[in-house]
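Note that the chains take the letters A, B and C in the order they are written out, and that residue 1 is the start of every chain.
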Amino acid sequence: MDIISVRDFSKEQVEEILSSAEKMEKKIGETQSSGKVVATLFFEPSTRTKLSFQTAASRLGMRYIDFFGEWSSLKKGESFTDTIKNIDGYVDIIVMRHPKEGSAKLASMIAEAPVVNGGDGGNQHPTQALLDLYTIKKLKGKIKGLNFNLVGDLKHARTMQSLMYMLAMFGAKVKLTSPRGLEMDPELVREVKEKFNAEIEENDKMDVEGVDILYACRIQKERFADPYEAMSVQKKFAIGMENLKGAKDDLAIMHPLPKVGEVDLEIDHTPYAKYFEQSKNGVPTRMAVLDYVLKHR
Amino acid sequence: MDIISVRDFSKEQVEEILSSAEKMEKKIGETQSSGKVVATLFFEPSTRTKLSFQTAASRLGMRYIDFFGEWSSLKKGESFTDTIKNIDGYVDIIVMRHPKEGSAKLASMIAEAPVVNGGDGGNQHPTQALLDLYTIKKLKGKIKGLNFNLVGDLKHARTMQSLMYMLAMFGAKVKLTSPRGLEMDPELVREVKEKFNAEIEENDKMDVEGVDILYACRIQKERFADPYEAMSVQKKFAIGMENLKGAKDDLAIMHPLPKVGEVDLEIDHTPYAKYFEQSKNGVPTRMAVLDYVLKHR
Amino acid sequence: MDIISVRDFSKEQVEEILSSAEKMEKKIGETQSSGKVVATLFFEPSTRTKLSFQTAASRLGMRYIDFFGEWSSLKKGESFTDTIKNIDGYVDIIVMRHPKEGSAKLASMIAEAPVVNGGDGGNQHPTQALLDLYTIKKLKGKIKGLNFNLVGDLKHARTMQSLMYMLAMFGAKVKLTSPRGLEMDPELVREVKEKFNAEIEENDKMDVEGVDILYACRIQKERFADPYEAMSVQKKFAIGMENLKGAKDDLAIMHPLPKVGEVDLEIDHTPYAKYFEQSKNGVPTRMAVLDYVLKHR
């Protein structure tokens, strides 16, 4: 099975992966053996996604080969199709990031090996959504009925689209808070509402009352024409202690990281801050993903 | 034993490696353990050669360390000799690519660990020739007596020189088809003819009649002074469906990859196309090579 | 336990690591298994230190993930603290090099995993000092009472400061030979003399009489304002055969490498030259270090 989009998953499949991740986490540090090889094929830089997949493969006893920086054949003019076919001939799983939307899907049609999408442009980042769900379940014991506030540039953040979809699937209540002009794609919101009969509400001011999970994301400066606008938006939607008045005691603040000013540094030292724990959960979640795609070939 | 040039091999040695590769292929995906470490020391970019060696090492349960991008000591002015001596102190096998002819040989004289040449300039690329032979044997069951047509820029393609040598050694019949001015080194042709009493014939038009293996190679644009000449040569010697009239049903088209227009895309979807299979065979062949050099220290 | 500075060590701890390195060396090449993952987090280029740590991890059956070249999140503006927290969430040991003094210490305060300093600016490089001691013990059977001459730019070479400290701790006699203006920090010399009641003597001409170990280091050209001054200093303090008149037969010449003219090439071929052996000893020493920090968490 390929993992391209959160839309490929049924609720049961997600639950299977989350429950496997829990078991994986307990085995971290144990010696494991496997003859499998994973390719981390990153056409765009990445720290967390790539390193956590490589760690996950290593924890499972698998090996990895890494494509970063080795653009030689692409420089020589090789087609995307040929590159994928070649790598496919070598390895058991392909983990891929690419700046173009749809490229992971395309790769999955070319390759025999399962393809795991590590982010395709502004489109999907399904394993981020999975590790987010895993984190929420660990923190709160459930997802259904929880109140979420997703804050930031919801237009460009691929992680937020995948996450909203998953939260709706699991019956959470979602508020979307974004600057004007950076709202979540309305088409997607409508579709998700209908499909899951979900409670999704949009507003343009931050509100933490009754919120269980406040989920912030990076303002993607590189996607703004005007850097000053980017900075002004970032400031207005940054989360500081002053925004947390009236927050629930067990409010959890999450962020896909890297964070660059969206969350005040002083929050790092409060029990609200769950983003480093969340990042750490990337390893067991991706162990479960690698294991899953091999088992469901 | 070092693997520097196809000329280092006797026919028996090649047969031993090919037969070992066959066994290796069956074990791919099985858990294997080894305490050995391979250095992939690439002074020039590479996709296939490096990644397939790293995959091969991983499949054998070995580890690898990778030198790409870590030019620091060279930047600080360290000599080639010192770099090799250092790496030699760390690992069990050195796989090396370098832009200069003869550098693999030089490394092998410096290092105690076996050195495997992964390409030294326009000179040799012996493991490519081995995987080509392995592919041919898998496809046709034999090499002796088969009709080959080697097509393209035979002057600059290091893979073609090594291949012609090996084909002659195994008693194949070889046609060499190249644009004027890009012929295979006549000295080498004469030498190989004499040494193996081989049938080698040169012509400047493509001909597939009676051909069992049509072997194309990349026009190395970077070695042309005039890019337009490179493009014109590429077009004239590109293989399209129209060139395959009169071809044998079981004609196999091979290419060391990456291909950039030398073979029409529509051929990818015909049973003639064997280049992706060929590329995949790089892994078991290089497993056999790594195993061989350790066993014959 | 973190390994940040040679000052963190007692003599007993150093002896434990050296004796472990000896055992490690005998096991090199044997298959070992471990579920542990090491991050090599190099914010500055490195050949030897990084590759020998990766080899050491591999020899122990551990895996590594490598951060070099993956500056993405830093480019996106992520803080040093966040980067360390993230990596810390993934792995069991962090090996780090960073151009800024004190950054390894900072990382060790952020991370839960043990941090091993692979060099922080002009400050410390403790595992180099350990491998130096390991080499000396292997060569001479002891350290106490031996005569050392440390030659070169003693102001900028971090390895020399760590080494002098260790040699004094172990009761060796140390001469410091450096060009005027490039002397070892006098504060440090005074402190080490007092602390260990050590014999340390400074002079500005090379002298090999009675010397057991002549330890040269790279003139760090990049730290000179005037490149001509750097070259003139390098020439004056280069070690050639003519400097070795009157040397003991079993004089050992050491160098942390890379060397760039500080030692004449002809010396490479004499039995005096021990620097390649020294470099090779980086692997067992770092195996012992990785093992030690895990055992003393």
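By our rule, a contact is a pair of C-beta atoms (placed from the backbone, for glycine too) under 8 Å apart; a residue touches a chain by one contact, two chains touch by 3 or more.
None of these values were measured; they are calculated from a predicted model.
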- Query: Copies chain A and chain C touch; is their interface built from the same residue numbers (over half shared) or different ones?
  - Reply: different
- When the CA atoms of chain A are placed over those of chain B, what is the turn angle between 0 and 180 degrees, to the nearest 5? 120
- Message: Can you compute the centre-to-centre distance for chain A and chain C, using the mean CA position of each chain? Integer Å is fine.
- Response: 40
- Shared interface positions of chain B, touching two or more other chains: 33, 61, 66, 69
- Provide the residue numbers of chain B that touch chain C in the complex, in ascending order. 33-37, 39, 61, 63, 65-67, 69-78, 82-83, 85-87, 89-92
- Message: If we count contacts the way the header does, which residues on chain B are in touch with chain A in the complex?
- Response: 28-33, 45-48, 50-52, 54-55, 58-59, 61, 66, 68-69, 218, 257-261, 268, 276-277, 279-280, 282-283
